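Should a chain be cited, it is by its letter among A, B, C and D, assigned in written order, with residues numbered from 1 in that chain.
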Amino acid sequence: MYFASDNWAGAHQSIAQRLLEASAGFASAYGTSDLDKKVEARFCEVFEREVAVFFVATGTAANSLSLASVQRPGGVTFCHSEAHVIEDECGAPEFFSGSARLVAVPGESGKIDPARLSAKISSFPEDAVHHGRASAITITQATEIGTVYSLPEIGEISAIAKKRSLALHMDGARFANALVALGATPAEMTWKRGVDMLSFGGTKNGCWCAEAIVFFNPDRAKEMPFIRKRAAQLFSKSRFIAAQFDAYFKNDLWLDLARHANSMADGLRGGIGASNCARLAWPTASNEVFAVVTKSAARTAENRGATFYEWPVPAATPDLVEGNETLIRLVTSFATTKADVDGFLKCLAT
Amino acid sequence: MYFASDNWAGAHQSIAQRLLEASAGFASAYGTSDLDKKVEARFCEVFEREVAVFFVATGTAANSLSLASVQRPGGVTFCHSEAHVIEDECGAPEFFSGSARLVAVPGESGKIDPARLSAKISSFPEDAVHHGRASAITITQATEIGTVYSLPEIGEISAIAKKRSLALHMDGARFANALVALGATPAEMTWKRGVDMLSFGGTKNGCWCAEAIVFFNPDRAKEMPFIRKRAAQLFSKSRFIAAQFDAYFKNDLWLDLARHANSMADGLRGGIGASNCARLAWPTASNEVFAVVTKSAARTAENRGATFYEWPVPAATPDLVEGNETLIRLVTSFATTKADVDGFLKCLAT
Amino acid sequence: MYFASDNWAGAHQSIAQRLLEASAGFASAYGTSDLDKKVEARFCEVFEREVAVFFVATGTAANSLSLASVQRPGGVTFCHSEAHVIEDECGAPEFFSGSARLVAVPGESGKIDPARLSAKISSFPEDAVHHGRASAITITQATEIGTVYSLPEIGEISAIAKKRSLALHMDGARFANALVALGATPAEMTWKRGVDMLSFGGTKNGCWCAEAIVFFNPDRAKEMPFIRKRAAQLFSKSRFIAAQFDAYFKNDLWLDLARHANSMADGLRGGIGASNCARLAWPTASNEVFAVVTKSAARTAENRGATFYEWPVPAATPDLVEGNETLIRLVTSFATTKADVDGFLKCLAT
Amino acid sequence: MYFASDNWAGAHQSIAQRLLEASAGFASAYGTSDLDKKVEARFCEVFEREVAVFFVATGTAANSLSLASVQRPGGVTFCHSEAHVIEDECGAPEFFSGSARLVAVPGESGKIDPARLSAKISSFPEDAVHHGRASAITITQATEIGTVYSLPEIGEISAIAKKRSLALHMDGARFANALVALGATPAEMTWKRGVDMLSFGGTKNGCWCAEAIVFFNPDRAKEMPFIRKRAAQLFSKSRFIAAQFDAYFKNDLWLDLARHANSMADGLRGGIGASNCARLAWPTASNEVFAVVTKSAARTAENRGATFYEWPVPAATPDLVEGNETLIRLVTSFATTKADVDGFLKCLAT
């Protein structure tokens, strides 16, 4: 009953097996091998257009280098107040971009509020040398709290970005989970809605270590080879990433894995909704579930071997949790089983 | 006949197999799993003392973050003129250390000349605010041109470092190859000779992606967790690195792989020494061989499928190569076969 | 009727005259001259203890380098939401500190709210590598909106800082104005209340360009000579700063100038309080006055030659201003005359 | 007999007096005042074209920010081995440009050797992600050792720059001294010979503190307002710089001051050439003179109150100085008198 995080799972067997196969033989290094090229072409197919792809080691790297590539001196990036970039990356986005600032924009359901975004941006007039200047917006899909931007919602953020010529980045650490939740195509959820750059995450969805930066306009990626190398993120045996993505995309494995994880989360959502000693903290649509449970039920679950994180109560809803309750986060993955879900839900039934 | 680089090989079967095994099951993330802990303990055994270990994605990261951890404003690191840090890392060492400068020190055989090092260091007097200030020395073992520092040579550099309280770093991208060449223990080649920090490379010696920073005094590693995370080098599924090192150290596999690579290089050295249309450019002791070959022999080898890099003639020895000759670099690895070596040598026999 | 900013004034005659005198003769460069030494000693007298003093070119430099000197990888500095460092310095504080983040803490009257500060700090637990880590607090005295921290209020912030071993910095761009408003000594308003570092501003109070970083514990200033030089802030003819401070401190000129500026602001405050078409937006104690005035009165004043800035209505008090009104900022300086004040107040009488 | 450096002098009376005059009255801040505008226009006249001008606090700032404005990730700037940027700025040029590396190119007489420059540049092929990439060249005029590039020599460096589209920067800390030595116009010595950016120094030639970055193509200066502000180099009372330049340019005062300094150096050169116990170390053309003098003569001069620096013997000419001799540097300035020169020369006559 491992619900602590989707990065507690290992690697899916098809992916691990593919890596084993790729381990034999020789290939040119630093992303120039045939397998690297093949996978890059596969990315173009997946996104239905020519894209520029850069493998990196971590999601933090994907976010930070994407944002670094569009920064200017005194630049500012707008993100949601609870975004991974501002909460969980130890200042890496600022570090890689010559100290460009992250400006937090609040919004319900873990999503940037468009009106507050516009207001915030307009507090940075063009050429206002003291304040710094608006450079980019980053949104997280699926969000840190399990919700998903609808396609029109992405379009709305994008329209704001375009009005001020800001680059729009999507943190897709859980891209696949959002994609299958929406039933959209990769193209529809990104460049067709105005996204310029994507952190495409495979690690949380069944890979060992497979993260890619995707530029939808390859012309804007010209600095990236140097930004990546200077960031110590260019793998010599790059095909060990390529091999993982090769299996990941094969027969749409990635979508199957995300559907499985979401479906396991559906199971949790259903059971929690029906429980007497638990309730959903807020609706989610991906592989994360936030629940208010009685402390005794939480202890029972832990005693039976469940792992999960207690979560801080959001400042905006201080009354969400009563004295004998606690807020917990449950994350499912490709490796979650129905037995795990059922076992957990049984803990809530006592 | 792949002699282009040791990073053109894939992963050794024992390592790839271990990774496959590790792919099942759940484990806590970010380096906190049991397997991570086990491998850290293994590092302590290998080095015969308590060490602090940090996995990172690339050798460039290992070098850059090691050096960043000992930098001060205006700091300067001394390296050999042909060191990887100054020649092949796109400015990453400077980038991660707040722009600390690399100062090149020449020396024969790819090794820093101690007298010239001392002279260079003394051009940076303490408290000379305009010049910057000496902070660290980095040596490469084995060197970029295939040679190996003897233990006394390391001690000599170390003595210079201690005199000015400079940190001493070793770039061990080919650590194992140097180790077996010297017949030394890991402890003897590092902290017993005054090395403070090591970039311990596994990738070039049979891993997919396994690099570690080793601090021989764990007290000096206190900033490193933050430096690493801010550098986007903290893996979530860190055990995919741990699993590789687990197999790497098991039954001294790493030493066997390095011995094999060095022995294949010995084969090349012997054959080239005996050839009429080739000669060794300089003596080497590890898995790199530099040879002056006739252009026609080089073309023959390429036509028969050999891969290798032509190498720039060192500025210090402009007469090394005659008009009808070229300087080439040949690198062997765990995956090099005797058939490859023999096949290549046959090209020199025509 | 120049009320736009205290940096629209030139230099006080005594200071300008002292600079003229100092222009003759030779003196050693880079802060080593007798005059530099004399002024450094004067700083020690003014603050009643041994201090380390570093002249820099701008207030932004003083703030940024002070904060840079106490930063660590992943470090975070807490400041008020409207602080100059976060609003008006184009990211310089982050740039000079290797991208350490500024975290805004709200609070009434332009002052950090201690309870919210404590809460914010505790969201950065020690050793939480993902979040970054608390490193410093900076307060502005007088604040950006004209208010002044009382001595106990400074002590309260300081106690919070000490509890977590955070460095406490004071942005004293208007240090003298706050000092005379409180009737305190320089020592009482700084190190006796736990302040570690001070940006001591002379420019806004009658100098041409005279800013100094003051460390109350000189042992903590050991990196600063290198930080300052690397930041291109070490003046060769440093005595041109020293000469200004020499006159500034002589016969307590600096306190007289600040008293004059504050007294001119008192005149404005009195007149505005008594006006029919204006009122004070909030109470202030230094040389800044914020007033809600009718738009017609504002136009009248402008037409008669008054300069001032219209100010954004604070988000916390959206109802401060009615439709026919506007919020303006008035800043007085050593150069403001009673005639200017009276002239301006007359515009409000129509 | 102050020959230690031209920055040991104070400010010329006309400049100091102009500053005194400017101290009265009010003016808008941050470089927007009428006087700022007037001086910017004066720069356009001086350089016979539209230029963009940015005042900064130090020569190090002028150099560092100029170079930062043309840097790219992994970028490399070529400079002479003894250039101020690489010898005396504590890493500031790298710090402000996101760690772009300085690559030293040797050359006789303190000037970059064009052939060696070309060779060095070609070791950085386009798109070679590991090496970094050529971005800029910087030359110093007059050089650190008192020599001056002829106009054709500047043109030759410039042609190399253009071939690879590298920006060409001139460090003009002693611009005026070089200009009058060549008898050239400002335009001829800069943009007409392909210089893109200039650090225009006034401090060493009679100002207190007056340094400007000049862009000959204002379109390339668009990032500079933000780069300067983020670097904490935007003065609030900017007119205190403007006033100095106003006097500096008036009636060609700047050229007169430089002519005087050079002429005093001529006096030294003549006397040293004729001396029995001294000789010129190498020919110089500006206000710096390098002399080999007997140790006893040097001591005599010091005892009589002369100040100067002993200089390290260049590595390329180890035999320059005999056992009983020492190499010294003598720098003249606007404030040097004929009596000082004669007094010094008398010390050599004993």
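Going forward, a residue touches a chain if its C-beta (ideal position, glycine included) is under 8 Å from a C-beta of that chain, and two chains touch if they have at least 3 such contacts.
On a predicted model such as this, the values are computed, not experimentally measured, just so you know.
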Review point. With chain centres set to the mean of the C-alpha atoms, which chain is at the far end from chain B?
Key: C
Exercise for review: With residue numbering as the guide, point to the option in B-D, A-C or B-C that repeats A-D in over half of the contact pairs.
Suggested key: B-C
Practice item. Take the average of all CA coordinates in chain B, do the same for chain D, and state the distance between these two points in whole angstrom. Key: 42
Point to revise | Whole-Å gap separating chain B and chain C, where each centre is the average of the chain's CA atoms | key: 51
**Study point:** Separation of chain A from chain B, taking each centre as the mean of its C-alpha atoms, in whole Å
**Key:** 34
Revision key, fill the gap. Flagged in chain D as touching 2+ other chains are 73-74, 89-91, 95, 98-99, 129-130, 132, 226, 229-230, 234
Revision key, fill the gap. Chain B residues touching chain A in their complex are 2, 4-5, 7-13, 15-17, 19-20, 22-29, 56-61, 64-65, 89-92, 95-96, 203-204, 208-209, 226, 229-237, 239-240, 307, 335
Check your understanding: Tell me, which parts of chain B touch chain D in their complex?
Key -> 73-76, 87-91, 94-95, 98-102, 123, 129-132, 312
Check your understanding: Which part of chain A faces chain D closely enough to touch in the complex?
Key -> 30, 72-74, 98-99, 127, 129-130, 132-133, 223, 225-227, 229-230, 234
